[in-house]
Amino acid sequence: MTQINQLRNQDEFVGFYLLKELEVKQTNANPPKDYLDIVLCDATGEMPAKFWDASSTDKETFFPMGLVKVRGIVQTYREKLQVKIMQIRPANPEDGVRLTDFIRSAPISSEALIHTIQGVINDIADEEIQAIVRYCVGKVEEKLAHYPAAKTHHHAYFGGLAYHMVRMLEIGDFLCGQRLFLNRDLLKAGIILHDIAKPEEMVAELGIVSEYSTPGKLLGHISMSSQWITEAAIRLGIALDSPKVLGLQHLVLSHHNLGEWGSPVQPQTPEAVALHHIDALDAKLQMVEDALATTPESEAWTPLIRGLENKGIYRLKW
Amino acid sequence: MTQINQLRNQDEFVGFYLLKELEVKQTNANPPKDYLDIVLCDATGEMPAKFWDASSTDKETFFPMGLVKVRGIVQTYREKLQVKIMQIRPANPEDGVRLTDFIRSAPISSEALIHTIQGVINDIADEEIQAIVRYCVGKVEEKLAHYPAAKTHHHAYFGGLAYHMVRMLEIGDFLCGQRLFLNRDLLKAGIILHDIAKPEEMVAELGIVSEYSTPGKLLGHISMSSQWITEAAIRLGIALDSPKVLGLQHLVLSHHNLGEWGSPVQPQTPEAVALHHIDALDAKLQMVEDALATTPESEAWTPLIRGLENKGIYRLKW
Amino acid sequence: MTQINQLRNQDEFVGFYLLKELEVKQTNANPPKDYLDIVLCDATGEMPAKFWDASSTDKETFFPMGLVKVRGIVQTYREKLQVKIMQIRPANPEDGVRLTDFIRSAPISSEALIHTIQGVINDIADEEIQAIVRYCVGKVEEKLAHYPAAKTHHHAYFGGLAYHMVRMLEIGDFLCGQRLFLNRDLLKAGIILHDIAKPEEMVAELGIVSEYSTPGKLLGHISMSSQWITEAAIRLGIALDSPKVLGLQHLVLSHHNLGEWGSPVQPQTPEAVALHHIDALDAKLQMVEDALATTPESEAWTPLIRGLENKGIYRLKW
Amino acid sequence: MTQINQLRNQDEFVGFYLLKELEVKQTNANPPKDYLDIVLCDATGEMPAKFWDASSTDKETFFPMGLVKVRGIVQTYREKLQVKIMQIRPANPEDGVRLTDFIRSAPISSEALIHTIQGVINDIADEEIQAIVRYCVGKVEEKLAHYPAAKTHHHAYFGGLAYHMVRMLEIGDFLCGQRLFLNRDLLKAGIILHDIAKPEEMVAELGIVSEYSTPGKLLGHISMSSQWITEAAIRLGIALDSPKVLGLQHLVLSHHNLGEWGSPVQPQTPEAVALHHIDALDAKLQMVEDALATTPESEAWTPLIRGLENKGIYRLKW
Amino acid sequence: MTQINQLRNQDEFVGFYLLKELEVKQTNANPPKDYLDIVLCDATGEMPAKFWDASSTDKETFFPMGLVKVRGIVQTYREKLQVKIMQIRPANPEDGVRLTDFIRSAPISSEALIHTIQGVINDIADEEIQAIVRYCVGKVEEKLAHYPAAKTHHHAYFGGLAYHMVRMLEIGDFLCGQRLFLNRDLLKAGIILHDIAKPEEMVAELGIVSEYSTPGKLLGHISMSSQWITEAAIRLGIALDSPKVLGLQHLVLSHHNLGEWGSPVQPQTPEAVALHHIDALDAKLQMVEDALATTPESEAWTPLIRGLENKGIYRLKW
Amino acid sequence: MTQINQLRNQDEFVGFYLLKELEVKQTNANPPKDYLDIVLCDATGEMPAKFWDASSTDKETFFPMGLVKVRGIVQTYREKLQVKIMQIRPANPEDGVRLTDFIRSAPISSEALIHTIQGVINDIADEEIQAIVRYCVGKVEEKLAHYPAAKTHHHAYFGGLAYHMVRMLEIGDFLCGQRLFLNRDLLKAGIILHDIAKPEEMVAELGIVSEYSTPGKLLGHISMSSQWITEAAIRLGIALDSPKVLGLQHLVLSHHNLGEWGSPVQPQTPEAVALHHIDALDAKLQMVEDALATTPESEAWTPLIRGLENKGIYRLKW
C-alpha cells in the first residue's frame, strides 16, 4: 500500500484510504455530468481526487468518513498533485483495514494517554478533589480516548484533547517543583478539568470536528465544565460553597484569562494564573510542532498559522 | 427635624442622621489632636461634618452605619457646605427613629416590589420554569427585599435590584405583546434570574455595597446565577440537558452580550436578545433618572455619569 | 401561480416572478456560449435560475428588477434547488401583475404606516417641533412610503424604514408612560427624524438598496438629517440657537451613541439616551424576527446574523 | 517689574500680575482662618502664591482674571517656588497696564493673523466658496482675533486658533504647488472653516478656555461648523445640493479622520485627505514647539505631552 | 504599437507587452486541455489574455516578467475586455524593446531622483551624519534606483521608494523654514534613512514586489534600518552612544508612531514627530494621486483604497 | 534589632534602617515648620515615619538611600502603622551594617545566579552563539549581579533580572527535553539575551529603579539588545546576515509578541514562540509569588496587581 505523502506525479497505485470529504459535482458540459470531488487521506497526509462519470449507484455508495479501496493515477493540476481515480469500491470486513489507521492522531496511543491521566487522578491526595475530577472525567470517559482539543486551532486530531492534558500535566508537575506555593492537587485537577466538557461542546468523529453542539453554542465548554463540577459536588455530597469547589470552578472559569477570550472572570488564585499560562504555552508550541510536521522538510516556511498571530514558522538552518 | 437637602449656610439645627462614613483623623497640630471626619446622610442627601476634639470615649462610641442625634451649625468650606458638630450622641430605642428612614431607596416599597415579582412568578405558565425560578429566588428571598442592583453603576440603593426587575418585567410584558415570537415564560424567567445571584456576589447593608464577596470575585454573578439553575434542576428532578434548563442558563450567561462585558456566550435565542436590550435600556434610563433626581433643579447639567459614556445629562428647557 | 418557497425538486411550473439579479455569462465550452444567470424572486423568497443558449435578442430584452413570466423545471445542483428555465418573456400590462406583489415588504401596508406616522405628527403638542418634523418628513414623503431602513443590516425591505419608525414610536409611547421625565414631543420627534435622511443617503428601488448616493457617502445620513433641521428652522423662522432646535439636532446627531458607530456626540439628554436604546432594541429584535421568518421551520438554527455578533438564532422547543 | 520666569528664591519684589486662579481656603487651625490661594501669571509663566489672613473685604475685592499689584517674597515649598504675598491691590486705570500684556499668546499679533486670513479669503477665486467662507468667518469675526484653538491640547493661548489657521494655510499653499490635483480654493476654504465654530463651542477669555458651551457639548464644533455652511448657503441663495456646498461640508465633517476622533465620515476628496494631515502635522509640531518653549533650557526632557502619545520631547545636543 | 489603455472591443492588433502574470491552466473539457492564462501589461495599464491550446513548447517558452510580441483580438467577457491571443513569441534583442518601457514607474526618472537624493546628502552639514547616511545608502545604491516603497500600499512601482524620499525631502525642507526648532540635518537624514532597508525587506523586480525576504519577515525594515546605522557607526569609528547615532536610530525606530503600526518606540524628538507626519502626509496624498491617475476620468469615484480607511476618492466637479 | 514586619503599635524600638524615601515638608502651622517625611525599609518590608521639627542641619544630613540608626515609637495613623522618630543619625563604618542587608532581593544570592548563568553560557555548544552571548553579557556583567528586571512590574528587586533569567533557563531546559524540535542553544541564548540591555535602559541602585535612561526612552531595551548582537557579530567577525545572528536578533525583537507590547515583529521561529511564553509564564508566576510573600498571612487577598489584569490573588484554604 502506498502512503499519501509518498505518491509522485504519474504514479499508478492501488491502496486503501479514508474519504475525508466527498461532494457530488457537475461538469460544465451541456448537459452537465456528475462526478465525485473527493479528498483522500491516510495518517500521513491528504490529496484531492476526482472520480469522473459517477453513476447513480456510485452517488449512493460512497459517503464521507468511509474507507475505500482505490486504483488511481497521480496527475498534476495547477501545480499541485491530484488523483484521477480509475476504480473505487468501499472497504469490507475481509479487507482487514481499520479506520483508526487512516487518521491523524496524537503521537502517543489513546490507551497510554488515558492510562497516564488515570494515574494522575489516582495520585491526587485530596479525596474530595479526586472524587470531583473522577466524576467529571467519567461523564466523557469514552470520548476522552479519541476527541481532538479543537476544531482547527490546535491538537485538532484523534486523541488531541488527552494528549494536550498529558503534556500540560508534565509542565504543571515541573512547575510545582520549581514554585512551592502552587497546590499540586488543585493544579492537576485544573489541568484535567479545564477543557473537560469539550467532547460535549463539539461533535467529532475520528478526531475531526464537524460542528459545535447546541449546548456548546448556547453555553460554551467553560460554563459546561464549571457546571459539571457543581453537579459532581451535589451528587457526591460536597458543599457547593466549600473552598475546594470554589477553587475548581474558578480554575475552569478563568482559564481563558480575559473576557474577550471567553472567561467571565480573570485568574485570581496561584493555580489559576499557572493554568492559563501552561495552557497557552502548550497550545502554541503544539501549533508550531504540528505546522513543522505537516510542512515538507524542503519548505523553509510553514503556512500561516492563525493562532500564532497569522505568521508562518521559519526553519532556521546553518 | 431638618432634612439635609434643606440645610443652608449658617443654619443651626438639631436632628437625627445616619453616620454613612466615619474616620478618626488627626489635626496637623504638634502634637496632633484626634477628630471625627464624618459623612451624615438621610434619605434626601448627604453632607460632610467634623467633630473636633474627639475624646477616647467618642472614638469608641460611634461607628459607620449608626444613627445619631446631632446639634450642629452649617459652614462653608471650599465653596461647599459642611457641618461643624457641636453635640452628638447615638440614637436610642426611645428616639423612635428607624434606619430605613434615613437611606436612599427605590421609589416603590420593598413589599410592593416583592409582591409584584411573586405575582409574576405565579403567572409563569410552565411549571418547570416556574419551579426553577421559585427555587433560585428562594435562595435570596430575604436579601431581594433590600439589595441594590450594583455598587455604584445603577440602581445603587435600598431595593434597587427588585426595582430593576419590576421595571424590566413591565417592558418585557409590553414587548411580548408587540413581538409575538417571544416566549413570555422564558422572558419573565430570564428577567428575574439574570441578576439573581447579585445578593451573594456583593456584601451590602441598607442598600450600600461595601465590597464584593469572595465567590463574587472568583465566579461572578453570571456564573453563580447559572449554577443556581443547575442546582435547582437537580434538586427538582428536571433533566439538566432539557431545553428549558438550557434556555434559562443561556439567558443568564449571555445577558451582558459580549465577552468583554462578562458574558461567556452571546445571545442566541430571541428572548436572550430581548433580555440584553431590556436590561441596557432600563439601566441607562435609571441612570438618567437618578442623576436628574439628585442634581439640584437649578443646575442645567448633572455631574458626569460613568455608565453614560462619562457624559452629563442636560435639562433642556423652553 | 406557484410561490417560490413552495417549489420542490423536479416540479414543472409556470409563474410570474421578479428578475432580482441578471448577468450574461459564458459557458466554458470552446467557443463559449452565452447564457443568463438569474435570481428569481417573489414575496416569499428567491431561487437561482439558468436560461441556457440566450440569443442576442434575449440579452437585450431582460434586465434586473423587471417582471417576467417563466416556464421552468426545478433541479438540484450542489445540494441546492435551482430552476432550469424552458421559456421566459417579460410581463406586460395585460398580465395584470404588479411589481409590489413580488417583493419582500413590511408586514403592515405602506398606507397604514404613513397614516400612523402622520397621526403621531399631528399629536405633537409643540407647534415648532411639529412644524420642523413636518418639514423634514415633507422632503422625503414619497420615498418614506417604500424605502428600507438599511441595505442589509435590518428592516431591509419595502416600507422597512416607516415600519421601524412605527414600532419605535410604540415603544417610545410605552416608555413615556413608564418614565415621566421623558418629554413626549421630543422623543416622538427624535424617533421620526433620526433616520429621516436615509432615503437620500441610499439609492433604493422596491425596498432593495443598490448603492449609497454621493451625498450619502460624503456626509452620511446623520449629518444630513441634522442639516435638514437647520434648513427647516431657517425656512420656518425658528431661531437656530433655540433649545428646541438644539434638542432635535442633538437627538439626531447622538443616536448612534459612539463615535466609532458614526455619532459625533454622545447622548446627553434624557430623550437622546432613550432614543439610542429604543433604536437598538427595535433593530435587533427585528433582525431576530426576520431571521426566523426566512429560515424554514424545520431548521433549528437560523444562518449567522452580522448585526447579532455574527451568531445564529436557535429555536428552543419542548 | 520682575517677570515671573526670573523670580528666584528669597527675592523680594513688586510687580503687576494676572490672578489666573483664586480660591478662598481655610487653614487647619482651630478655628480655621481664611486665606487666598492664588496663581499669579504673566506672559512668561505662572507661580503659586498665598495671601494669609485675608479679610472679608479682601475676599470680595479680588477675582480670577483680574490684574493686581503685588509686593511679595519668594519662598521654597516642597521644592517648588511660591510667593508669600505681603501686600496686594487691584490694578487701576492710572497704572497703565493692559490685560493682554499678561497672557500667553501666539508669536504673531492678532491683527497680523486676521489680516493674513482676510487676504487669503480675498484670493479665493470662486465667488460662491469665497462668499460662504466670508459668511462663516463673519459669525465669529471678533472672537477669531483672540480665541485659542483648544482647551489644553494645542495652540491653547490668545490668538491660537487664528495662528493655527495661518500656519496651516502656509503648508496648504506649499502642497498645492507640489501636488497639482489639489483644488487651491477648496483647500484654503477647508483650512479656514474646519474649526470655525470653535469660538462657539468653547467659552474662553484671554486665550484661556474655562468650559465648553452647551451647544458645544450637544453638537460639537464639527457639526456646528458644517451647519454654518448650510446656513450660509441658504442665506446666500446657493443650492444646498451643489457640489461646492457638499465639498465644503465634507471637508469640515471629515477632518478628524475617524469616528472615534469625532468625524462622522472619513475623508473622500483629495482636499479632505490633505486637510486632515495638514491639521495633524501642524498641531503636533506646535505641541513640540510649545513644550520646548515652556521648558527651561537646562532641562533635557520636556514634561509628558498627552497629544504626543504621552511622551516627553528630548533636546538632542552635541 | 497599441497601448493597452487604448484597446477597444473587436480591435485586432500587434504589439509588444510584458507578461506580468502567467499560469498554465486546463479547460474543463474531458480530457482537459492546457492553455495559458495571462496578464499583459505596459506602462499605461494591464489586460487579461488567453492563449488557447498551448503546446508543451509554449509552456516552457514563456515565463512571468518576460517581454513578448503578441497578435491578438480584443473580446468582451463578463462585461470586461480581454485578449484572445492568436500568435505570441518572446521578444528578442533585435526588437529593440526595453523592459523599463513597459512598467509603471514614478513620474520622475530614476536618474533624476537619485541625483536629487545625492545632492541632499552632499548638503548635510554635519560630517558624521553625512557619512552615516552615505554608508547606509551605499548598501542599497543600485536597488534604490528602481525599488518601490511598498508591495501595494503606496508608491508601489518602479522608483517609488526614491520618489517618496524626494517628495518628503521637499516637504521637510519647507517645514524647516517654517519651524526653526527643527534640525535640518537630522530631518534630512531621517527622511533618507527611515525606509532605507526596504530593498532588503522585500524582493522586487521592475517595481513589483513578489514577496518579503526572510530577514524582512524576521526583523522588519525598521529594525534592519536601525541596525545599518549601528553598522555604519562602527565601521566609521563613530561612538555608538553618541547623540547623533542615538538621534538617527530614534528617527528610524519611531517613524511608524505606534507599536501596533510597528514602531517599538514613539517619537520623542522634534524631528521624529515631524518625520512621522511628513511620511503619513506624503503616503496618503500619493495614494490619492495614484488612485485618481489609474481611474478613468469618466468615473466619479475611484475604487476603495485600503490605506485611506477603505474609502474611495470622489472627483468633485462643477 | 527589630525587623520592620515585626513592629507593632506602641512598640518603642531602636534599629538600623534604610531611608528609602525622604522629603522635607512643612506643617500647616503659621508660620509652617519643617519636618522630614520618611519611608524606612529593611529586607522584610517598609513603614512610613515622621521626624518632627527638623533643624537646618538635619535637612542637610539625611538623604534617600542612606542607612540610619533610629529610635522611635510606633503609632497608628489612619488605621495604618507609622513611626514617630525620637532620634535619628546616619550609620557610620563602625556600625558594621551593610546596605545590601536592608534591601529586598532575589531569594538566591547574586553570586549563585551569575554562576549559574555563566555555567549555561559555557554549555552552549555552538561557538559563535556562545561568543555573541558572552560579548553581550560582558557589556553589563557588573550590573547583572544586582539589577532588577523592571521598575515595578515584576522581579523589581536586587538581583531580579538574573533571577528571572535563571528561572526561565530552568523552564527552557525542561521544555527542550519535552519538545525535541527546539534548538537548545538558541533557546538558552534567547533567554539570556532577551532583556540583556535592561541595565542600560533603566537607572537603578540597590534593585530600585529611579528612572529610565535617555537611550532607554529613545530606543527601548528590545532594540538596544538587538543592536548589541549586531555589535557583537561585527566585533567577532561573524557575518551579519548569517542565520545565527538573524535567529538571535529575531528572538530578542519578537519576545514581547505583539506590536502594542513593544515587539516590532511577531515570533516566527520555534524558539521565539517558546521564549515569549516562558517569559510570560515566569513573570506572571513571580508576580503571584511576590504578592503572596509581601502580604501578611492573615490577609486572604493580596492587593491588586497591575500585571495580573489588576486583580488580587486569593489564598484558598481548607
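A, B, C, D, E and F are the chain letters, set down in written order, and residue numbers restart from 1 in every chain.
In this text, contacts are C-beta pairs under 8 Å (C-beta built on N, C-alpha and C of every residue); 3 or more make two chains touch, one makes a residue touch a chain.
Keep in mind it's a predicted model, so treat the numbers as computed, not measured.
Participant: Keeping to the contact definition above, tell me which chains border both chain A and chain C.
Facilitator: Under the touch definition, chain A and chain C have B, E as mutual neighbours.
Participant: With centres defined as the mean of C-alpha atoms, identify the chain lying farthest from chain D.
Facilitator: When every chain centre is compared against chain D, the largest gap points to A.
Participant: Of the pairs D-F and B-C, which shows more C-beta pairs in contact?
Facilitator: Per the contact counts, B-C leads.
Participant: Would you mind pulling out the distance in Å between where the CA atoms of chain D average out and where those of chain E do?
Facilitator: Between these chains, centre-to-centre, one finds 42 Å.
Participant: Centroid from C-alpha atoms only, then distance chain B to chain D, rounded to Å. What do you get?
Facilitator: 43
Participant: Using the average of all C-alpha atoms in each chain as its centre, how far is it in Å between chain C and chain F?
Facilitator: The computed centroid separation for chain C versus chain F comes out at 61 Å.
Participant: In chain B, what residues contact two or more other chains?
Facilitator: Answer for chain B, listing residues that touch two or more other chains: 28-29, 214, 217-218, 246-247, 258, 268-269, 311-312, 314.
Participant: Which chains touch which?
Facilitator: According to the stated criterion, the contacting chain pairs are A-B, A-C, A-E, A-F, B-C, B-D, B-F, C-D, C-E, D-E, D-F, E-F.
Participant: For the complex, give me every residue of chain F touching chain E.
Facilitator: 214-215, 217-220, 222-223, 226-227, 230-231, 234-235, 240-241, 246-247, 249-250, 253, 258-265, 268-269
Participant: Applying the document's contact rule, which stretches of chain D touch chain F when the two form their complex?
Facilitator: 27-29, 33, 52, 77-79, 300-301, 311-312, 314
Participant: For chain A, which residues are in contact with chain C within the complex?
Facilitator: By the definition above, chain A touches chain C via 23-26, 28-30, 214, 217-218.
Participant: Please name which positions on chain F make contact with chain A in the complex.
Facilitator: Residues of chain F touching chain A: 167, 170-171, 174-175, 178-179, 181, 183, 186, 242-244, 246-247, 257-258, 266-270, 273-274, 277-278, 280-281, 284-285, 287-289, 292, 308-309, 311-314, 316-318.
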